[in-house]
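Labels A, B, C and D are assigned to the chains in the order they are written; within every chain, residues are numbered from 1.
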């Protein structure tokens, strides 16, 4: 389905530079043989730490100790929210965990996950990565039936939907499977009931989800890098529309009825996922190198050195270098203490805020024709300041290469793309963008090449944010947060 | 209804000394004339600070800014949870606030109030003091209809009940009124909808709730001392079964259908409420003096000085002194820096923990026959240690007088009485208690006198914790927390 | 010596109400028999908690573990600065501790005590209550000899003076004794060397200091209430000019050569010390009752009730009541959660800030002629607001009685009296003050009576803040902080 | 002078992997023209943030506002210790700042810098990077003269030495210059007096120090990367034995008398300094590439890919790749959220602690012969675990190349090398080390090549930690902290 472009005024050239990250989910079921050897809370902590790049706003872990669920979650990074004492106070045999970036809902405690509830048949802890396209419709129906909501997160909609199915069927896994027939959009789920760990992925497989083995026990995680951090063995990706249930130490697989194409989010390969992860059969790092290789083919230029913007532009820069034969070198040094709380200086705020984060290596740039590779341009301002830093360091020419097509459309499946009026590519030609960021040439990866970078992938791709073509019917407008709007009552 | 005493083993003589406090609620509706003059968040802060004695575990404030509800709540004291920046970031025209001691549910963030929800017709912020006796039954029915619960607090049951009524009637105040027909037990409520402030009190009026005027605006609070702190004028107590709604600056009163006796909790006069509050027409401080006066009549003794246990035993000691003619004096000094985080010393923990809190004034006690007045004895251990401190300071005799009858029964309406096996009075005669705490004589206020202390009160009293007779049908057993028990599912 | 009153403009009637408190010191030496039974860090914590009223700005504890001194100190209350983990990490056999209110120096970390230093012959931890009158002169000499100062506290001057004497004599106790011949002013010291605990008191004995026994071990503390908190037995006050050294479990006493009158600060009895302390033979609580008794004699009035301002006005009110026969009652309730961080409300700040802290008991005041007793009036504003609260609560007349003479002069020995232009008594007659605070009559305790209140005291008194007569030569002007003034260098 | 190797038992193969970092200093003097445009506290913050890699234990800033010095310092990272409010509360025209890793002294607040003192002629704020070799001797002499020490840092020795010279000469800069004649060892200083900013570097120039211009104002910093972060222009390195004083907006240079070789610490190029800094004329990043180039010459090997250990091994890996023609690739991904508080997992702690930090990129390693480049091996354990991770990811061969010679000797000039019994190179041949870390071949950069890597450097080098030859007489033993040892006194 094609997203209809409405006319919006083109905004002034300013703002933040990066897309917001996705969420990450994790689950572990400790088998009898491993009790005492695996601490699910500690392992969830380690895994969430490896998935931290998928969400830095909030995080949480719920553990199941003989059917009693204990949950700890808060706003903050994994190593801010948890400490030794908290983890030691969470014994159990099953755990789920979550790192969150708010794609819907306020950045608030109420929206942190896991969402822990009790219902007619027991209790549940739910973690969710993705975005439902029909959450608003489902929410309104639940409210008409007397449901109440404490948050604006669509995970609460998901919880109601599962619980209502549970009333009509014999097991929690059946309930989740039936719920999968009602919810639409992107979701990778790790759910814990009193005796089971359940993992499920939407029929399009928008967001990654994989399963691994740790000693005799099972783990599920958004990305394989979390399995590596635990020393677990990768078994396989969970398939689109598949539900995995682990009970009494045994893993069973079920499938929902919906048949459709497998369309993994291509931006996972370009930016979201960690380079050391393998998603749906394709190495993320290699996909980025491939993007660089295609860029070299599509936009060759005579130059002296290829440099990448740390961290995410590095692999594509190496790929460009290899394909073009132009030497790769380090051109920008990132301050590794950059955190979330840096105080902006008083004067020259904008320019300095980039200089604090990245500094040019004059020795590798001075007098040279430089190819600068980055993964994407969102608003363009950081990009322009970077170019100025390179030129100040003596770069004779700067040729910008972007390892993805221009952003033009919203994402309905979990990526927080700014409103289009803030996108530099919206309403501008490539030549206009080139001029705005002040480079000597500019090349974006073609959509065709983008679809080819994930070498070995067993899936197709959703590239709606670039093409405006989505594999699923999407709303006419991006729904606004109904909790924030505080709609008044009638009575 | 008489609570049936089951046989329980009498426990060893040890444990904590005080009953846990109740919750406190507050609401303010700023009239047009006062906008800019009254900040509802700051006033809620001031009022909750005055109500802090009703609950020290958690607190919260929700403000309504043009229909959008913003809430801040956390575990901690009012001046720990809020600061200038947080309050300044909460503009609005209506607010509700809450201080909590957990009578049901974990001491957790999830259970902090106000409970803020959205429902079919808008949003709500609910604050609740009291305990529902049929919460379990209502909860099970809601779960059977597909409801989910995030906490173990019965306030969530209340929210569902109101919301379900709202679907069937034309206004939120009607919905609350209908809900009052379904819920049973003790409740004093302050509820905020997009355009209204609603206050309601259960048909027995177990817990206090009063209304006042601040300039042209209305405030409701658990106790009149909160009105005093704001400089507001006391209008009147809200009547049992009454619902007050403030909308468009106008106050309207409605009544629910249930007819029954007004039975204010007598322990509010003895211990819970602040002495400077006036509850249902009777001064709390004067009630305590009266309790002392009756004690002097019922248990006279020849002695040299009357001393009270700070802070709550002081007024009754003064009353005893006045009635008996035996001089009142300060006998115990309380360390005014005692907070919640004092670290117990390594050795002699038990005795020292009392010495750190209270020290005897040898000068006023040495060689004297002392009458020591306290409001109640729960487990008896603190009492015994205090007596030892007095004797160590040279008191020749110690005559203990308690300004309430012995605790023997559970409270179903919001007071957290320990399990009966921990109550010193359970299974023991007064003489046995006297010996255990090591005093020369011991007198408990009679039930008859207890019913007379609240001079000027417009109500009768619930004294179920002393008598085992409750004004309402109570459960056979005190229901245990179903969230904690983590009942496994069947499927 | 008489302090010369210079002419200063009389300031507008506004400001804070209370004098700032003094510091408190503590020391413990664990004898061999008690090792493992007494934890010096935990006991210092308990004792400092009991001495918290003497200083709320900063606190610290240093422990000696086989000659290695470990110190923890910070800005904050005792239960904010210390926690279980910190205390458990401070094993040892000797400890000194300190609570501080800044009489000289910034409220900063640098000025927190104990002051821990190394010197030629070892290391030292010094705690100090009082103020040296010749600190400036000594400091300048030390600087001329190449000394450097990290803080503006005169305790650092003390440290240098002791260390320089140590170079010339054979032991640390001799060095302290020699230093006592050089320093002038008020000091009660607890000092720890690698193997000894030393306590010393200035030749006038301005500030209290006593010694007690805990099992086989010795403790020293500013006030006897700290001994009570530990369950220690009071041995005796340390004498003016006396130095106590505890070494190898034995206590030895030495005396410095200076002969002069023993002049304990009379304001310790009126306000500073805890009522349950006994200072130089006199009960503080009884001294306050006596002050009330003398007030009744000096300023009788026909009235219905005597009420005290909590907490420090209560004993004098009881004394007034006993002497006059007019009944004592509770007239004001203090919010017991008042801490240091209460946020001032937006509107009516001044009046409300008192209402939040104190509320009137209408029942005990309405229609009555009230005698209101407080310990002192500093600036007068709080006092005036209190009177208004009483009148608002229906008091027909308010007769103010102050259990000390008017403040008119600075204190050079540790009490932080505001500059005289902020003192309500400066440049005003009693009648003018009476009118300003809005009472029907006003009486200050006479200087003669003040000198008699400490019944049983073995000492005379310094009452310089009332009389302008000091037992020691004082500087012409109160020296300003040279660290703050940041005097520029010449070169 | 050659360090004599004493025999020490060779310890088991275990422990931490990295050398501890150095300190960093900064100073800014705002010229009249720039007042209001440059905030010295904010600029110090930005500069310290850029120098954070030189010390993560503690940090501090002191500002000079019309001669009054205000200081804020604490344990923690720059963005933990400072916030907007603190910086905004530090106006002024001169500032010095410091980031610290404890090379001597406890990791404690007392040792944080700037050290702020008052002395006979005014006040001073001192910041210091380096280590004095005669601090112990100077300290003992100062103590014999009656000096006292609050910390174990040799910066306090420095302060005394300067202040004592100040008494004998006419200006603070003369005093510092004279002090430079008395102190021996490594020091780069930024010192602030009431009207001056002074920067000085020891006669050997062990540690870097440079000067820059920001608008009309001057800044000094340990590394040029701090100038870049501010947008300041690099003027030049401060010369060995040079003292710079900035007063009334003018910069003057003075030189101390000591003549000796300029021997910059070579490890600054190998590991300490940020790659984007230029130290004494040589680019740090290029020096590391050169190290890689020499390694390729000295230890060629037939292989498929060159990978570097992030972050510090990357430039040398690129250099090796360029020189050898073997392709460079990313082989290890570093978790960019690694901070100081990661909780070690319960099981398999050792191996997992590396896996959490670094993960292998299987795609780039599988089936390949890998050259792994790192800057140094200290204890060897991390190195061995990394090799295992590469082999687990399918590397057929691993050839380790180290861009520095083996560590064998202590550093007396500020680098915290572990005791030699913990150094893997101590008492082992290269072949033994190779076997221990499990690689197929191992090559350390030769001492000769090490001396050549800093291309363009205007200095010679100290390489004592590799060679045992120091440019200055060093103590026989590394002096232990006398504060910690708590030497008892005699008396």
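Worth a mention:
Basically, contacts are C-beta pairs under 8 Å (C-beta built on N, C-alpha and C of every residue); 3 or more make two chains touch, one makes a residue touch a chain.
What you see is a predicted model; the values in this text were computed from it and never measured.
Under the contact definition stated at the top, no chain borders both chain A and chain B.
Between the contact lists of chain A and chain D, the overlap is empty. Mean C-alpha position of chain B lies 60 Å from that of chain D.
Computed from the mean C-alpha positions, the centre of chain B lies at a distance of 37 Å from the centre of chain C.
Each chain gets one centre point, the mean of its Cα atoms, and the points for chain C and chain D are 47 Å apart.
Of all possible chain pairs, those that touch are A-B, A-D, B-C, C-D. Interface residues of chain A, counted against chain D in their complex, comprise 37-39, 42-43, 45-46, 49-50, 52-53, 77-80, 82-84, 87, 225, 228-231, 274-276, 278, 283, 285-286, 311, 314-315, 318, 322, 327-330, 333, 335-337, 339, 341-343, 345-348, 351-352, 355-356, 359-364.
Interface of chain B with chain A (complex): residues 66-69, 109, 115-123, 140, 143-150, 159-160, 163-164, 166-167, 169-175, 193-195, 482-491.
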